[in-house]
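To keep things simple, chains are lettered A, B, C and D as they appear, and every chain counts its residues starting from 1.
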């Protein structure tokens, strides 16, 4: 069934057992993401040392796609440099829009199934948009 | 005409399938209703036979179009028990309420004036008042709802005593679905000298409105929620209200005379209808009212009540499912499910053909008070039946199980 | 696809007869155009297949409806050379201009500010500015038209030098029909720091618009004048303009978040689209743009120019007939006839199947300057042909003779 | 042809040779009528002596139906009392709306053909509406 494309095993797994839930110790950068149309609302909690994301956590509420995406995000970018993390965010956003990923995104590629469901794209991208804003600029992310 | 399954042939979209061949179980009627063939044909018939711009034309097509357009106005006026000049065509309830908040509010709201709405309002009957109050320096007060989901009359009395210029409220909420005591509220408003503005977007989909029985100054409704086309609705006001309110949009048709720097306004209703209106929409709306009359005669409201009760009972019997309504909802059941996000549930249920709505349903203040971000909503109409409710409950169970 | 008579099959209304069996010769295209089967089917197809409320729904129908609605926006954006976020759907040009005059004007016009329009404006691009100026205490200036019926650039330069906040003008008048030098006027406005607002209601029916070539801040158009359904049109603004302008109507869909007493606005275009929009209308408009593209490729504009010239020549050859245009009109010919009232002529010509418009065509200041109360107007489109012009001239002769 | 119903001989005759055109001497009551949508614009000029309309004229611009109606009006009500004239005005308005006239309206009955053409009704009634306002109240008539 086409749903299995969307709710892949790895997504359900991250949803049921979220990784890195909660604020990190020594948090010095946060990224807020909101999708007011559905009430998705999350905070990325980051400890940045120099150029390195040494710890990444998240908290908030959202649908399975959004929560799994946030959970996968923390695993994917922890330990990366700011520029690497931002490049990842762009790649994931492209993936979710239905484009072929240029680099290997590991388990995050499970989000590719979202591309077929336009209305869910913003659920999947919200954490990544929040990440971009946290590292890149100011303000609050929205995928409305 | 009979209700439920026997009606489905007349609503073409209900014959379609969803996903891998699932029958469509359309339970998003509070968002918009489906259209019967009569309405679809009225719209295409207009374009095939009589399409023209109305009013100023002296040729046959224009005369025909004018007659059809004004015929729709007459029909709606008759339907809600008012004179046809008291019917202003607009895009929908939202535009109607903005007209009141901006045109009437712009002239009548001032610093320190108080505007009463309820915590259960759709954003369309809240945000326009927020904007009008901000502009005027007026105060917006959100009335609480009681245990029956209806306006708390004691709170209303208290607030009216402190003085209020407007009481704007919904005759039936799109989340809680409780039919309000409209005439009671309007009478209290009137006695206190406040303008009563009724958001009838949902209520008008479920019953014939009698404006005078309600006793409101003005009400707004949307054709698309009453089986009519999109892009047409009405603001219905008393003559006194409409004649005393300045026009809102300027343009063609709403003028009596135009000089270089000023203009005289046409009498109502034209004063409020600037530019080319949605004539085909009005014609389709007229056809929808005829279908509505027939369905109500067939007992559509009992039918809908029955389905609502079945859904409410079914949901209440399930662990971890919480209804938003404390009182008795009609036509719409909103609920949330522990440990399952409405988006996921709605998406999974869609795979079984079941169309329900997930989100805040344009009622954020209400959701915030209930301590939730969003909810699921199933809403019923004449073409649904008990079987649809069963499919809905079954799909919900399977969606929950999938996410566990 | 070919033009004229060979196109008539695709516009069902053109097969009808008028009065006692006369072929319909529809020459009221400037008021509204007829609809091709593609448009009629797109609208009914939407209701038969995908009808749902857009944006917030996660079920299949709502996703499909959203895709169709946003597809229409993309198509229109592409058609006028802008980003899709710069396209705001409205009921028509009138609503679009009111949005600008009220939302932008409410925030940006103040006492003593000057707003420039022309004496040739349709009431829809005049009255909203009268109202906005009155509210703000601003001054409205009516620019004269030159011998070619175009804006008198010297007068414009003089007025801009005195300072102006807005230049609002039509790209092609519905009475005189002269295609304006839009980019020239916009550039002068821009250099002077004035907002340029283009009424493209007529122009958009005759050519593909390139917003950047025009260089305007904002333009408004109506779908029903471009073979699309009634009740849909667009305001097209630059990102800078739209992002810098506060919302106009409040309600569902145009918000990011709503608290009890205030709200955050959604990004453009949603910020300006409150409540349920005319989704079926947008879908029909999309279909109309496809037909428009094909007709323009077929040379519709040359075809229309030919008919216009034939009509102009025919009218000039008749005693006692006076054209309103001094320059060269395109698509529309307005005139008056000595000792015969336009109403009577129009009514008599209708008996021969000829639909022309009689009146002031929502341009009273222009008629007053020309010293007449009203006029007759014949306007042409792709499905008309030379034969229609002949029938029109013959009917005019017979109507005059009847009244003598 | 159905037109002959609208433009009857008597109407065309009044249109081509309007009666009582111009202001009357000793005018002491005027009635203005405007139909802004088509630019019909006329003035009834009346000399009232006590309760009697001793002289009635008209001027203005309008279509054949409107001008003929004004011309017929002056013939019909000249010499009548105010209450009689007002009763006539009501009867003519009813006639033009398609109702059976209660009294004999003479040549004015030629206006009955207008009832079939909704958009022309206001042309025919304008002079009569103006009369009502002149004799009855204040302000300007409009049939828009």
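Operating definition for what follows: contacts are C-beta pairs under 8 Å (C-beta built on N, C-alpha and C of every residue); 3 or more make two chains touch, one makes a residue touch a chain.
Everything quoted here is computed from the prediction, not taken from an experiment.
Under the touch definition stated at the top, chain A and chain D share these contacting partners: B, C.
Centroid distances from chain C, each centroid being the mean of CA atoms, peak for A. Distance between chain centres (mean CA atoms), chain B to chain D: 46 Å. Averaged Cα coordinates give chain C a centre that lies 37 Å from the centre of chain D. If you average the CA atoms of chain B and of chain C, the two centres end up 30 Å from each other.
Contacts with at least two other chains are made by residues 19, 56-58, 62, 255, 257, 343, 347, 358-359, 364 of chain C. Multi-chain contact residues of chain A, defined as those touching 2 or more other chains: 36-38, 117, 120. If you draw each protein chain as a dot and join the dots that touch, the picture is not a line, a loop, a star, or fully joined; it has some other shape. Across the interface of their complex, chain A is touched by residues 55-58, 62-63, 66-67, 255-257, 264, 266-267, 270 of chain C.
Contact residues of chain D toward chain B in the complex are 34, 36-38, 117-120, 142, 144.
Residues 12-13, 16, 18-19, 24, 26, 28, 31-32, 34-35, 39-40, 43-44, 47-53, 56-62, 91-95, 97-98, 101-102, 119, 122-124, 126-131, 133-134, 140, 142, 222, 224, 229-232, 247-255, 257-263, 274-281, 343, 346-347, 349-350, 354-359, 361-362, 364-365, 368 of chain B touch chain C in their complex. Of all residues in chain C, those touching chain D in their complex are 19-20, 341-344, 347-348, 351, 358-360, 364, 367, 372-374, 402-404.
Those residues of chain A that touch chain B in the shared complex are 1-3, 6-7, 12, 15-16, 36-41, 61-65, 67, 117, 120, 123.
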